[in-house]
Structures are given as C-alpha cells and as structure tokens.
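The data blocks that follow each hold one structure.
Okay, so chain A shows up in both of these, paired with chain B first and chain C after.
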Partner chain A sequence: MSSSVLQTVAQSAINVLLVLLLSPLLEGGVRKLVALVHSRIGPPVYQPYLDLLKLMSKEEIVSSSDGLFRYSPMICLALVLAAAVLTPIGAAPPMQMSGDAITFVYLITFSSVMIMMSGISSASPYGVIGSAREMMMILMVEPVMLIALITLGVKSGSMQFSDMMTYQAGQGPALSTVIAAVALFLSLIAQMARLPFDIVEADQEIMEGPFVEQSGTKLAFFKWAFYAKELIFAALFVSLFIPRPVFAGYGLNLLFGLLKMAVVLLLVGVVHVVNPRLRIDQAVRYFGVLIFVALIGLTFALVGA
Partner chain B sequence: MHSTAYCQAVEQAAEITVPARGRYIRTILLELERIQSHLLWLGIAGHIIGFDTVLMQAWRIREPVMWLCEKITGNRKLLGMNLVGGVRRDIPQEIHAELLQVLAGIDKECKKVLDAITTDTTLFMRCENVGRISAADAVALSLLGPTARASGIGRDIRVDHPYAAYAEVGCQVIVETGEDIWSRVVVRMKETLEAVRIIRDCLALMPKGSIMADVTDRIPAGRIGLSSVEAPRGETHHFVITGEDSRPYRWKARAPTFQNLQGIPVMVQGENIADVPIGLGSMDPCFSCTERWETVDLRSGRVRVYSKAELQELCRKRYSIR
Partner chain C sequence: MTGFFIALMFYLTGAVLAWLFSSKRRWVGSITLAAHLLAALSLADVVIAAFRRGTVTMEYPLWTIAGIHAELFFKIDPLSALFLAIIALVAILVPLYGRGYMKMPEYDEYNLAGFYPVLSLFFVGVCCVVAAADLFFFFIFWEIMTLCSYGLVVFEKKDREKGRAGLKYFIITHIATALMFIAAMILYRESGSFSFQGQSDAMTSLLATRPYLLHLVLLFFFIGFATKAGILPMGDWLPGAYAAAPTPATAAFAGSMTKLGVYGILRIFVDLLPISASTQIWGAIIAVFGTISIFIGTLTALVQDDGKKLLSFHVIGQMGYMFLSIGIGIYFLPVQPLLALAGLCAGIFHLINNVCYKSCLFFNAGSVYWKVKTFNINLVGGLARLLPITAMWTLLASFAIAGLPPLNGFASKWLIYQTAIAGSNIAPLFMLLAVFALFISAVTLASFIKFSTALFYGKYADHGSGAQTGEVPPGMQLSQGLLVAACIGLGLFPLWPLHWISQAVSGLLPSAFLPPASALAGEQTLHGMALRWGAGLTAAWNPLSLLLVFILCFALVYGLYRLTKPVRRVETTWYCGEEQADDQVRYQAHSYYLAFKQLFTLQVGRYQRPGVYPTIHYPKIVFSDTGRLKKLLDLDHWFYHPLADTFQKMAYRFSATHSGIPHVYLLWLLLGAVSAVVLLFVLK
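Right, the complex of A and B next:
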C-alpha cells in the first residue's frame, strides 16, 4: 500500500472519529446556551453522551417489520459519516475528487431521505405526516445549499471543496460569496433541524414525526447522525466562508476551526432560542425567497462580482 | 376560585353577609390566581408552538406570585382560604409592602413580555388569523372568558354581576376584536396587568374590621343559592340547594372549559395540523373539568345513567376491592 493511500485512510479515520466523538459535546454546548437564555441551569455539557449511552442500553421496541424501518437509522448514520470524510474539518478534506461538493450534497440529501423512509415505514400516522414534512423541507432546503456551493464553484472554477477553500483563503469576500454565505447559513438552521425549522419533528404537534416509533440503539443512531450533521455543516460553513486565518500546522488549524465552528453553532443556537416553530407552508415560502436570493448571488458570481 | 363560588352560593342561600375586609381579601386572592393562571397559560402556549423561551420566562415571572400565595395562605395552589361567611386568614399590614413590591416586579416584567411578544414577527405569524372564531359564532356557541373577549364579546361576570369587592374597585373588561389566537394572547396579557391594578386598589381601599361573618346558626334547609365567578378561563357557576344539618342537598358546578370546547370545530376547520394544538391551547382548556360520562348501547341507542351505588360496585369489581 502506498503512503498516500495510507495517509488518506488515516485522515479519513480522524475525520470520522472527530465527528463521532466531538459532535455530542458541541450539542451539549448549544443546550447550555439554550438553558442560559431560558434562565435555567441546564444539563451538563456531556449530557448528549449520556443520552446516547442510555438509548443504546434500552430495549428496542419494533413497530414495523419493514426492512427500511430496521435499517434506515444505520444507513442514515453511515451516510452522514461518509459525508464527514468529504468534509473539510480544519484542513482540506481527506478524500478529494473533482465534484466532491456534489457528492456531499447527495450524501446529505440521502441521509434526510432515510429519515423520511423511517417515518413512512413506521406504520404511524405521525411518522407519515413527519415524512411528508421532511420531503417538503428537502425540496426547499437542498437547492439553497446546492446553489450556494455552485456560486463558490463558479468563483473558484471547481466543484471541489479543497479548491474552493484555497480560492476563498486567497481572494477574500466578494458580493456573490457573501450572499452565498448568508443563504447557506440560513439553510443550515433547517439542516440542523433547529427552530424555527424543526417542523419535521415538532414534538408538540406530531410527537417527533419520523422518529415516533424508533427506540433504543436505532433512535441513538438517528440522534448521533443529527449531532454529526451539526458538526459537519458548521465545519463546512467555517471552512468555505471563514477560512482565515490559515496556519501552517494541522493541529492549530483544527483547533481554530473548532473554535469558529463553536461560534457558528452558538449563532444557530441563538436563532433557535428566540424563535417559535414555523408552520410548514410558512417555511416553504421562506425558503422560496431564500432560493431566489441564492440565485441572485449565483448571477452575481456569473458576471464576476 | 371554585371555593369562592361555592361559599358565595351558600352565603346567598343562608343570607349571610360577608364583612367588607373578607370580600377584599377574596378579590385579592382571585386576582392573584388570575395572574398565575394567565402566566402559566402563556408559558404553555409558547411551548405548544415550540417557543420554550416563553415557557421558561413566563414561569419564572409567575414564581413570585406562587411564593406570595404561600406567604398569605400557606399554600401555593388551592389556597384553602374561603369559608362560608368570609376568609380564614387576614392579610396583615406588615406584608403589604412585600406584596406591592412583588406586584411592581410582575407589572414591570409583564409589560416587558408583552412588549417582546408583540414585536416578535415569527410569533405573530403563527398566531395572527389562526384559530378564528367570529363574534357571531362566539355568541352562538356561548363561549366564555378570554376566548369570547378576544372575539369582541365583552362578557365578564366581574362587571356584569359584581361579587366580592369588584363593585368597589371596578374592573376594566379587556376586549380585542381580532377573533384569532393573537387576540387571545393580548387579552390575557392585558388582563394580567389589570389584575395587578385591581390588587393594588384593593390593598389601598381595604377597610379595617372583621374578615368573617358571625356564622353560629345552622344553615336553613331547602334554600337555593346560585353564584357566578369570573375564573381565569371564563365564568364559573355554582348552584346549591341546602339540606339538613348544614349539609348541601344538591350541588352543581359548571366550569368554563366544556362550553369553550364547543368552539374547537369552528376554530380548526380547514386549518393546518400544526395549528390544531395551539388552537386548542389558545382557550386554556382544563380537561379534568370536562369529565362526565354516560353509557350508550350502540344497538338500541339506550342511554344508561349509573347511580352512585352502582358506580361504587363497578369500581370495586374492577379493582377487586372487597
């Protein structure tokens, strides 16, 4: 085995482990922030780890013999971890290929589809309603992310994350990339299933929707996939739109990257805590406007602004 | 609140006059209950639409009211203050200053909350023009309390049939004409501020003297008493027929929720699923108040009403109590 392959494998493993092991900590931090605004003490920062452990030790109650119901949580987590390998966390992503940005969007969308499938196959009306909502959200949110990435692609002349990062670090902000950054940030709130866009779960309306029948380890996998997604999206946003300062060593870059990611997640947490949940039609209208804004950004990029 | 209604009904039946100070103390406690009930509701309504910040902050503001109730009566809830003929404990002069201080805090924080939620566009989007009940429907379905007042129906027992000390301190009926959930939010918040005003006036105007009437005689049998109280959720009626040995012969209480629930079909017709929980929540339902049952034989359509003895027997059989 050549040393470059070994290096890729090692870096991929680092990324996957980072995402798996660190994401509950970031989630715990956001919970602390939410508690602070609520005037509560809040759970300890390591509570999400305990939640996962607790869920994994619980008996699983299976409501449906459907294979999708059984395997969708594992596939969902696997897809998110596959996306983690393509994600630049503090450094260039471990796996690089032309068009890896497109692959990333595919993997993330597919993980959302798995959530949808879990709901549809759960034999619960709440799950089906949640899945219908998830589908609408996918249809409206993914285009925003894709358009923002294409805008960067047009500017940097490549649909590869590492090229985009190099371009952004070298060039600094332009009008089109700023618009793309805003659009991406606003769509991230929905990707992370944070208020005002946690419409899919909406525990007071449809009792966690697609997850209503999931329990035990399977539910833990879904939760973990959600925590992982939060970290991945924060990392993506930070790497693509706040690339500076760039340091020489991997360790320093990673440390600084994590700090910036924490700031992004705190911002998402602030939005989460000062908003009620939108209705699905209101969210669709909101993202309709956001798609339009993202397209304007893309147009600017095409004319060179 | 129910105990006030019951005591008033018995007092009416037995022709007992409650001393003025007793009536003022009842008014203060009723309004304290309104404040905590409306703040509790605000929190739950916020929680229903996913706005847990409102839940936590509203309940934080509510907490001093509960402490105050405990200070005055010994209990946070179910104050146990009413007796036929008056109230059990006085509100001594020494704690007036503390009462006023807590009231000032609530007043300030409620205004802040009102300010914060009226400028919150997302909240407004979720509540405006949702769960509409027109004024005509509200009258036709006999809706009560804040639910009716948010549809422009100015019904309020405190003004229409004054009891306790409401005739002396007055009460402003808060009416909004939006006919939607938003109006119900605004009505309740404004009523909270009005309740603070009423308590302050009560404390200022409260005459000295006895808090209990001299109830030494037996309450005569066969008399009828009917009393109405404006509870936080709407009007509550208690009907009493007195019996032998100062015991009630017949007693019927009507809480407002059953009446208000009749508005739900109108409210949720054609609405989104997401609007149903907040629509139901917007009338502050108390489901334990609506429990009643009868058995219907589906084939013959015959309705059977169980007697007390039969119910007891059923219950014993069910839980194998011998």
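Right, the complex of A and C next:
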C-alpha cells in the first residue's frame, strides 16, 4: 500500500515538474518552426525560458486592488499543474479515479475562468472583450472535447483515462475513434490558443485581451500556464490516440511520448503559421459544425463502429 | 411525530404574532425568524427519527371526512424527512435575510402583514405537503402553499406588471392542480380511497385492466408536478412570478416550493406507481422534458439583462437537470436497479445542491438591489468595491452552479453525467441527453460569469444611486455565507449526503429492491460500462485528494512568486491614454457573447428574434363590421348619453321657474296650494 502511494506521489511530482520545466522548450521549438516557415532564423529554442525569467524580474504594475486580479494568475497556473496530475504523460496518469476525464476537462475550464476573471477584474474593456471571447471559445470547444472523450469512453467502457489508454493500446483504431481523434485535434488548436483560434489574445486587435493589465511575474505565470496547457493537451492526445508503441519501462515510454508530442505540436505549429486569425463569430460557427462531426463519431461508437 | 405538530404550531404562532405586530417593522422579522428557528429545532427531531427508524407515522388520522374517506393523516418517511430538513433550513434563512431586506425604504408603503405571516403560512403548507399521506389533504395543503405563494408574488401591489405575472402564475398552477385532482379522482373511483396506499392499489389494478387510463392519470400528475417545478413548456409562469416576488420570497420559492415538483414526481412515479414497463416510458418522458428545460431555459437565461429574470430562467434549467437524472433513475427501475439508484441519488443530490446555490444567488441579487436599487445588470458594474464580501459569495455561488470543482454543483453534475453515460449502452437516448446537459453546463458557466462579473467587476457604475461604501446588514451576509459554506461542504464530502439520499430513495421501494449505497462504491461493470463512485473520504471524483494536489501546486507557484521578490507599483487602468467618460469604457453585460447569441437567433425570412424561448403573441381581435358592433358595445353612445341629455334638458326647463323675483315665487306657492287642494278632492 505505502509503496503504491509513494509511487503515485513520485509520479505526480514528475508530471508536475515535467509540465512546469519542459513546456517552455516545446514552445521554443514551435517558435523555431514558425521562423523557419517565415524564412527567418528565429529566436533560440530556449527563448521562452528567457522570456519568463525576464518577466519575473520586472516590476509589477497593479491597476486593480481586487484580490481576484492579484491571485488569478497563480490559481490559473496551479490549476493547470493540478490537471497535470490527471494527465497521462507517457504512462498512465499518476492519479486515477472514476470519470477523471470529466474532472480533467472541468479543471482546465476552471483555469480558463481564472484568465477571464483576471481580464474582467482589471476593468479594462479590452480585458472584458477578451474574457467574453474566451468564454465563447469554451462554450464551443469544451463540448467537442468532451464528446471526443465520451466517444472513447463508450468504446472502452469507462470514463477513466487509464482504461481508455489500455483499450486504445489493445485495439486498433476504429471509425468512431478516428473521428474523435480528428475532432479532439482540431479542438486542441483552440485550447492551445494557436492561430487560427488565438482570438482571445489577438495581440494586434485587442492587445492580449485578458492579460492587457497584467505584468511582471503574473504575466509570466499566465504565459507559463499556456505553455503548460500546450504540453498537457499534446500529451493527452498522444496517450489516448497514438498509444503505440508501448514499452515495458516508464522511462522509455516517457521518451517516446515526448517525441510523439513534439510531432503533434509540430502539426499544430504548421496549422498556426499558415492560417490567418478567424473572427470570433466565424470560430463559433466552425466549432458548431465540429460539434456535429464529433456527435457523428459518438453515434458510430454507440452502434459499435 | 409530535415534533412535526410542534413545528407547525411554531409556524402558525409565528404567523399570528407577526400579523399582530406587523406595524412594528423592526421586530416583525425577528419574531418570524425566532418562530422558524424553533420550528426547525422541533422538525430536526422528526427528521432524525425518520432516518433512524425508517418511517414516523401517526397512530390514527387526525380527521376523517366520512363521505369520501379522506383522512388527515401524516406519515414521514426518509424522503419526506429529507425534504423537511431542506425546508426547515430555508425557512430559517429567508426571514434572516428578509429582516434586513424588508427594511428598505421601498417597502415602507407596504404593510408587512402581507409578507411575514404569509411566509410562515407558506411554510406550513410546504411542510404539510411533504408529510401528508393522503392525496385529498395533499391537495388542500398544496393549495394553501400555492395561495400563500401567490400572495407573496403580488406583495408589491402598486406595480401592475407584477400583478399580471401573479395572475398568470395563479391561473397556470390552478389548471395544473385541477388536472392532478382529476387524476386523483380517477384513482379514487377505482379504489375508494385517497390514501397513498389506496391510490397505489388503484394504479396496480388499472395497470392490469385499463392501462390507457393509468397513462392518462400519470400524464395529469406529470403535468401538475412539472408545472410547479417550472419544467417547460408548463413552467412559463416561473420567470415572471419569481421576478415579481420580493427577493426573500423568491429565494423561499427556489429553495422549497419549486423543489416540491420533484418531490411529487418521486412520490408518484417511484413510490406509488408499481414497477412495470410503463415506469420505463415515463422515466424516458421525464428525462426528455428535463433536457428540453435545460436547453431552452439556460439558453434563454443567457440573453437576460435583468438579474432576477436571469436567475429565474436558470431555475428552469436547473430543474431540468434534476428531471433528467431522476428520469434516468425511473427508467432503469425495472431493468437495472443499480443505475436506478445512481440516477435517483444524483437527481436528489443536485436538488439539495441547487437549494444551496440558487437561494444564495437570489440573496446576492437582492443584496445588489439593496445597494443600488436596480436588478438590471447593464446599469451597474464594479460593485466589488462597495460590496466586497457579497461579491465573494456571488462568485462562489456562481462557480457552484456552473459546476466548477470542488464545489457541490460539480459533484452532482459529475454523478449525473456518469450515470447517463453508463446507462447509454442500454438506452442510447440518454447519451444524447447527456451531451445536451454537458453543453448547457458550459452555457451556465457563461451566464454566471456574465452575471457575477458584470455586477461586481469591470468599470464602476452604480446606476446613479450614489450608493455609499458599506456592506449589507450582517443578517443578509450571514444567510449568504451559510449557503456558500454548504456549497463548499457538500462539494468536498459528496458521499455523506449521498448516504442519506440513498436511504431516502430505498425507503420508497420494496425493501432490498435497490442495492445498498455501498454497491456504488465498488467496481461495477454494467453492460460494458464501468461505474465506480469510490468509498470513504476519497469518494466520487476524489475531491479531497485533488484539493490537496491543488493546494500543493498553489504553494509551489506562490513560493515561486515570492522568490521573484516582486516590486509593486499602483497605476490606473490603461484606456489608450485618453480621458474617457465612464460609460464609454464600460463593457455592458448585454454585450457579452454576442457571436454566440447570434448562433441561437431564430430567423425565418425577415422575421427574426433572438433566443430560443418561444413566446406567443396573441393577435388582436378585430371585427370586420366594426361600426355597428362598436355602437352596440358602446353603452355611452346609445344609453348613458341620451339619458343624461334628457335629464339635463329637464333640469334646465325646471330651473327656468327659478327666476329670482319674489312675486313669481308667491304665485308658485299659490298655484301649489290650489293644486294640492284640488288633488285632495279628486283623490277622495
């Protein structure tokens, strides 16, 4: 009993630290890719670390005395890190429980709510507009994600990530799971706030929306939460839909997992660099269609395809 | 059982005292509060006894109406006890809040005798409805409850709009009650008894002989209770009536009366209806109607700009979640008892959670009204600096209703989704309903982000009321704080309430029909779907361990923050470097989510209306031959005016005799005397 608890704690710590320390590197890789497509040399791969360090050394300009404004960046990052404990990164997630897929989605939603709260409590209209957009994106993206996860849940007979992974590793892809994979991938781009869906920040338009008034360490935390989310979602996608090859050891699994995640982020980066930003109403309609696509996948799963 | 009657006595005494002292505006609220507190204490005795012993009954009925065999008989089983506990708590919080709220100068012109005594009587009705074991008296108490609530809805008589909302409520609920009474009469004809047992027997015999009649009866009951619960389309009365009632009364409705619709559904479809194939049909119907309410109610709430209307439409949506879950539970009663238990428990758990956060949100809206005198969330903003603590309560209650972990709304929604998904391998319909529910859960979040942030954050605006800093009175604070504490507690320890709920549900059915609650804790695989609720402290979705993880992560992040030794500099918000009027840089609640709202805009040709809420516009009655009919209906034209003209002419003629010359008056006197003498002779 105690050894299993110890293992859980150790693996949780690994997950959290992995997400915290490795995610800027992946972001740097994507930036490098974008620069390559632009025919630029681009910043070094470790640039995001420098960005974070620089932001953390800056003074903190506060425009709202509200506690929500003060603590939302920390809560946001902490929630993303807590979600990392539920995420399968390379191996089955360290903390497993019934229906953790639903819990995971709601934790991520909560972290987005904290972003909104930061934007709205700053009393800047840009912040409020960005927050309202963030909510609209959640409204449309969350159902796609949940339907994709439920599709897998129906196939594997459980709403638990570990069961889904076991099922996917054992069985080959089915029609419904392929549709779910496509739907999940397309919703991931929005969750990672990549073009064409970086409508929430839209720097040229509403000047980083919810973060317009944040600065210093807190802005760094928000950025970091975004990098962390990128890694978490890539890991989730890889573990659930590209489970093979499965190795015996944890280390090897993790290594291959990171490799596959890099490939997924590469794809996301390519989509990011060749697409212009959509307007929010276009994005809402786009995901409206995607919900129906995901529902078709779910229907296939229910009839056994 | 004595505890129950003592509680009723306290409520009634409270009503009488509040009526006698209604002119003492400072004391009347406290009197009611004291009475309700004492009543709650005596109800606690009954509730505990009911859970410990299974059922608490009377030895003989209080009163029997000989002609129709209707007996005034109370029986408190664990389900009734559960509802009594909720009611007793709401009954304490409402006057606690009202004590401060009803002292607003707006209410100075109204006599509080129309509020507190009616409120106490309302709770008498609610308690008796839950405890009655005879359908005839059930309807009598139901009617007492409805009439009292009507009185509370139209309390602010001066407002015509509110009177109209009250009338709509009165008419719709009475049609519903009439239908239910017809249903009870049909069953009475079959068995000759109004007692629950007799009605249940009648259902059994109807099921064997005339099932179509039974379905008619069930339809009437369903319409009746769904109307009270605010399930669409019958629940159309709800937003108007809720918005019209004074806020403490609205919270009382949301906390007790609306929930009795669910109680009625449970009583009829789980307790009285014998388990058969027809149970399944009705389970599916209840779930589908629930989902319709979730969808339409919540999407309509999203476009509301009136805070109280917004909350009222959410009542419809939230009742939908309960109906969905309970419908699933009823559907699985004959085929899969474990899922039935899960569905019913999840539904009732959601009901309890809903009482906590919905009443709290109505209190929040009331507190804002108390401060700035408007419910329109477009007109205010940034109130967190005036009401910092209320802002916190509102935010937490909003998170709870939106289902963010670790609050109670998430705990029960999680159970509902899990049950629906687990049941979808047997009945794929429930998967569709679950997807709707999941989608609308996000809409609920959006709606409450709008509600709480438009009121409390963003640019400051107080609707010109010039409100001063300073929180609402402590009583109003306390009632909100207690409800929020309940939201957190129920969210962190979901298995504790579920234990009592499962006992209440099992008490409705033959013993050992449903598996014990512990069966949900272990590993269960039903038709290929796993269902595990866990056991002990780390039950259900593991709230405590996840909370621990979150706290550790937060500590890590906060440590990192301290490590950077941040230097703070206070600046004003940046508005592109220009001097701006407040209204120019304030983002109104109405402007939230425009693109999303557009998605649900109904457009047929040139006709366009936002939202999905169906509203019927009655055409005006126009007659083709207007001239003659108008004349006929116009009494002035052919009756009053000619009559008045004639009288006026006669009066003018008569006044001509009044010339002002003394001789003429003498002449009139003489003529009068002569004519009198002549008349005397003639008449003789």
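We adopt the following convention: the second predicted complex is superposed on the first by the 304 of 305 C-alpha atoms of A that agree within 3 Å, B and C clash if a C-alpha of one lies under 4 Å from a C-alpha of the other, contacts with A are read in each partner's own complex, and residues count from 1 in each chain.
Here is the rule we go by: a contact is a pair of C-beta atoms (placed from the backbone, for glycine too) under 8 Å apart; a residue touches a chain by one contact, two chains touch by 3 or more.
Because the structure is a prediction, the values reported are computed rather than measured.
When the two structures are aligned on the shared chain, A:L77 is found in touch with chain C, with no touch to chain B. In the superposition on chain A, A:G153 makes contact with chain C only, while chain B stays out of contact range. Of the two partner chains placed by the overlay, only chain C lies in contact with A:M136; chain B stays clear of it. When the two structures are aligned on the shared chain, A:D281 is found in touch with chain B and with chain C.
Comparing chain B with chain C, the partner in contact with more residues of chain A is C. In the superposition on chain A, A:G216 contacts chain C only, with no contact to chain B. Common to the chain B and chain C contact sets on chain A are residues 129, 279-281. Those residues of chain A that touch chain B in the complex are listed here as 34, 37-40, 129, 195-196, 198-199, 202, 204-206, 273-282.
The touching residues of chain C, when paired with chain A in their complex, are 382, 384-385, 395, 399, 403-405, 410, 414, 417-418, 421, 424-425, 428, 431, 434-435, 438-439, 442-443, 445-446, 449-450, 453, 457-460, 525, 528-534, 538, 540-542, 545-546, 549-550, 553-554, 556-558, 560-561, 564, 566-575, 585-587, 591-593, 595-596, 598-599. Residues of chain B that touch chain A in their complex: 46-57, 60, 120, 122-123, 125-126, 272-277. Against chain C, the residues of chain A that register as touching in their complex are 12, 16, 56-57, 59-66, 68, 74-75, 77-79, 81-82, 85, 95, 97-100, 102-103, 106-107, 109-110, 113, 116-117, 120-125, 128-129, 131-132, 135-136, 138-140, 142-143, 146-147, 150, 153-154, 157-160, 163, 212-213, 216-218, 221, 279-281, 284-285, 288, 291, 295, 298, 302.
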